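I have a structure here, written as structure tokens, and I will follow up with some questions on it.
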Amino acid sequence: MAGTVSIAGQEPNLMMRLVSRPTALAGLVVLVVVSLAALLAPWLSTHAPGQLSIVNRLTPPGSAYLMGTDDLGRDIFSRVLYSGRTSLMVGFLVVGVASVIGIFLGLIAGFFRKADAPVSRLIDAMMAFPDILLAIALVAALGPSAANVVLALGIVYAPRLARVVRASTLVIRELPYVEAARALAVPTPVILVRHVLRNVTSPLLVQATFIFANAILAEAGLSFLGVGISPDIPTWGTMISTGRQFMSTAGWIMLFPGLAIVVTVLALQLLGDGLRDLLDPRLAKDI
Amino acid sequence: MIRAALNRLIGMLTVMLLVVTIVFVIVRVTPGDPAAVMLGPEATAQDIEDLRARLGLDGSLIEQFGSYVAGIAQGDLGQSIFLGQSVGTALWQRAEPTFFLTVFSLLIAMVIALPVGIASAYWRGSLFDQTMTTLAMLAASVPSFWLGLLLIQSFAVSFGWFPASGYGGPGTTLLERLHHLVLPAVTLGVVSSALIMRFTRASMLDVLNDDYVRTARSKGMTEWRVVLKHALKNALIPILTVIGLTAALLISGAIVTETVFGLPGVGNLIVSAVLRRDYPVIQGALLIVAGLYVLVNFLIDMLYLLVDPRVRY
Amino acid sequence: MHRFKIALVLGAAALSLTAPATAQEKGGVIKVATIGEPPTLDPMTSTADLVGIITQHMYETLYTFDANWAATPLLAAELPEVSGDGLVYTIPLRQGITFHDGSDMTAEDVVASLERWMKIATRGKQTAERIAGIEAADDHTVRITLKEPYAPLVSLLSLNNSAAIVLPSEIAGEDEIKEPVGTGPYKMKERKPDQYIDLVRFDEYKSRDGEPNGYGGGRMQYADGIVFTPVPDPNTRVEGAVAGQYDYIDSIPVESHQRIVDGRTEPVMLAPFGWPVFVMNTKEGVNSDLKVRKAIQAALAPQDMLMAAFGTEDFFKAEGAMYPDSYVWHTEAGTDAYKPGGDTEAAKALLAESSYDGSPLRILTSRQYEFHYTMAQVAAEYLKAAGFDVQLDVVEWATLTQRRTDPALWDIYITHSPFLPEPSLTGIMSDSSPGWWVSDNKHKVLAAFNSEADPAKRAELWADVQQAVYDEVPAYKVGNFNAVGAQSPKLKGMRPAPWPYFWNAWLEK
């Protein structure tokens, strides 16, 4: 476990070292491009994303509509851009929610011996459910809104982070300077935040990247099954789900948002892979 | 060692109890009403009330939890509201497609992943390695339902080689049913090959640097034998572990894949149960799937204990 | 009652003109792809079309509909003899009818079944309020006594959903049907939920004499069996149709029409099939104000909504009349308020006069039927243009059916209905159905309509009911749409019907 503890001071040249890995760099660049495209959607898009044009429904890709139109005559290209905002935001917020829950549970389980067993069993119980299955059940229970999808996926992925944090905390707890701080009666929250949390950022960052990628895939899967975000909010997942019924007659409706998912998730995975090799050599060997 | 085993048993039972509770809570806070679904579009509020009473959905939550736990303790998962059969029968009837789908996709994943993983590890850092690693990541980046739809579009619709969906009607032979499984198994196999490939590569990397492999080499054994006999043999345990875990993950994948291909499997059952609010089926399926996972994990733990009594956690 | 008989004769005549040219063949199993797994196989408990489509092969009712949507006897020997005051219906039963379990059908079974229907079925419970008693006059005669004249009774007994099916009396005594035992031409062989429902010919079936006539007349039992396979995904149904996997495929998205034409099956169209409807919550919220409802009526542009949902005008018609002109109920009364292109300016004016305070108009819909959702999206744009704040609540059908029963949760919900042979069975006509349309005018026009026995006069009275619907806007009819299915060129003897049936169909070898 000692390997997971990174040494402070590595971060400044992280970018430099990332640049030395072509695949990770490619991932980073693609991710920046995708994020910019989503961010600049109002300026890049050729149509308003919700603008209906019934006469132009199911137009194939061409000069008027770069990626064609959907069943309501809405421009796919503009919708892919705007959907990117929601999809990326969902991924980002899922990481946020999962981190808050995961760090909290992980710290408690790792730092307080008495809390370890119950919290760990709870984590085990949650990990016993397959991701998608738990997500489906939670979204069905909470109701199909964007916020609830984020919350559900956050809960689904939290145990993974909790495990990483717990493992690191168990080690850090025994380190001399943490022992010293405890001896000096530094309040526990301060120890947790100042010493422990700072030292788990590296494995967290790696995990967060993968959770981001998984969240984008999972959101699309939930939308596809019809138990996800309300279909009138454009996300890549809801776009595919709508396009599915026109698969044979207007394949472009589901092709382009699908490609957007593949590109984004691949970029995240490449980046995460690079980060892991750099920050977390022990894990790099595992998977 | 017996103490360790006992500890683990208690741990497992605790986890099971938590699983049971989580399942009940999730299912019961779910809005929507099976009675309303059953009655069709013109039912009145009174009709729904009447049917709820008949279905036993009108008791208090505590009562329902009580009868639910009592049922589980007796191995009774209850009666499906829609299917006219018990939850146990419903799950059992749908086990076949899910079982074969899991087995075939795992086989496909291994056929792709093992050779590629071994070769990648052997030529670490080469162009081959980098290409394969990236390809594996690509496979893991494709939404499985999207891939499934593309496969249906090309191999079922355009070429007509495979059925687009379903699992055959009454009186079909096993072979005909398996024919229906080709496209779903490829979909799931490709998507899950990524993890196995990367794990194989990592495990092989580990052992290729070990002393005995170097010794074998220095003894003048052919490279081929060194890699396959000595290195692979030692890398096999972690690889098998990840394959086992992948099998558990496949149930997740099967939920989406079965829906895409209209396979009447466990995954499909769960999704339709959620959509029509068939509470007993959702409960039973969640419980069985999660319970199996906990049980398998426990057994793996026990095996490790047997193999290596020093293992503590 | 002799008017019913005239309709019957006319129907038979109409059918003989279109009599099939090829010879019928016995044998074979008809493979049918349905839109999903039926929620139940008890047609009394459900109004879902799917339940009716499947179970009508196993269970039969006293009456059914002929090719012209007139009631015609099925298990009854003849149309009922009605007393002069319209209160007593004497129904003679056919003799020698055998249930699937081998027992004979008697008046006792019919009485027990009707009692179950009044206790369990949505339509039966509504009818029960008007029924004073049901008794067996003798072994083969049943007598129904009403509290007040109620013209829709025979139509109600003819429907195949929330249906007054006849069961053996011991089964009719139970709330839940454990073994499906009916009198129909096909009986249950095996059911594997989510895989198939396998029906086989019932050899002791006694068909009515005469040529088939709609759902009535002779039932021929050409096929050895019928297998219903649930294929919930519309796209998959299309692919199954193109590949020739099934003999009949129910409900195909209209976009795929051309693909079906190019494939191994042929499209079949039922035109018109039914009408999508936006039901208004008249009880609570913004839509409790008639002016707001009038504003919505003006704002919506059904032509665009239907175009988005159904593709081309081959598959829909923007028409305000509640029945198309092929029905006796067709009338233009009140339809001035129906604007195919919408009238945003008029809507704005109406909205300004109303109590509307800018709070969101909540449209409750699901994607169970994709066209509901598509129409909701287009409607939302037009409502916004008229000054509404719109909130689309897209939920699962299960959630929708529950939420719509709570007036606090929605302002509009979207559903659709086939053109029911009896207009008074339409959802909004009941005071208690979600939407809760209640008014003195409604009660007045509906009472007049329901107590009139003469069909010609009823058609005139229906105009008043439709006028009331347009004046008070308890619901907004979007238009007419066609149902598209597909069938194999080998499947013969099918007649387009809202609830397709297969007892007269055969497979060419």
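Brief remarks follow.
Letters A, B and C name the chains as they come in the text, with residue numbers starting at 1 for each one.
Quick note on the criterion: contacts are C-beta pairs under 8 Å (C-beta built on N, C-alpha and C of every residue); 3 or more make two chains touch, one makes a residue touch a chain.
Chain-to-protein mapping (UniProt): B = Binding-protein-dependent transport system inner membrane protein; C = Dipeptide-binding ABC transporter substrate-binding protein.
Computed from a prediction, not measured in an experiment: that's the story for all the values here.
Compare each chain's C-alpha centroid with the centroid of every protein C-alpha atom shown, and the nearest one belongs to B.
Here B-C and A-C were compared by C-beta pairs in contact; the pair with more is B-C. Chain A and chain B, compared by their mean Cα positions, are separated by 22 Å. Separating the centre of chain B from that of chain C, both taken as means of CA atoms, is a distance of 41 Å. Taking the mean of the C-alpha atoms as each chain's centre, chain A and chain C sit 47 Å apart. Each of residues 140, 143, 226-227, 244, 247-248 in chain A touches at least two other chains. Along chain B, residues 31-32, 152, 157, 259, 275 each make contact with two or more other chains. In chain C, the positions touching at least two other chains are 239, 396.
Touching chain B in their complex are the following residues of chain A: 23, 117, 121-122, 124-126, 128-133, 136-138, 140-143, 213, 217, 220-221, 224-227, 240, 244, 247-248, 251, 254, 258, 261-262, 265-266, 269-270, 273, 284-287. By the touch rule above, chain B contacts chain A in their complex via residues 11, 14-15, 18-19, 22, 26-27, 29-32, 130, 133-134, 137-138, 140-146, 149, 152-153, 157, 195, 198-199, 202, 205-206, 248-249, 251-253, 255-256, 259, 270-271, 274-275, 282, 286, 289-291, 293-294, 297. Chain contact summary for the complex, chain A toward chain C: residues 50, 52, 54, 57-58, 71-73, 140, 143-144, 226-227, 230-232, 244-250.
Across the complex, chain C meets chain A through its residues 234-235, 238-239, 253, 255-256, 258-259, 304, 307-308, 311, 367, 370, 373-374, 377-378, 380-381, 392-396. Chain C makes touch with chain B in their complex at residues 31, 37, 39-41, 45-48, 51, 120, 122-123, 125, 161-162, 175-176, 190-196, 198, 227, 229, 231-233, 236, 239-240, 242-243, 245, 396-399, 401-403, 405, 415, 417, 427, 430, 432-433.
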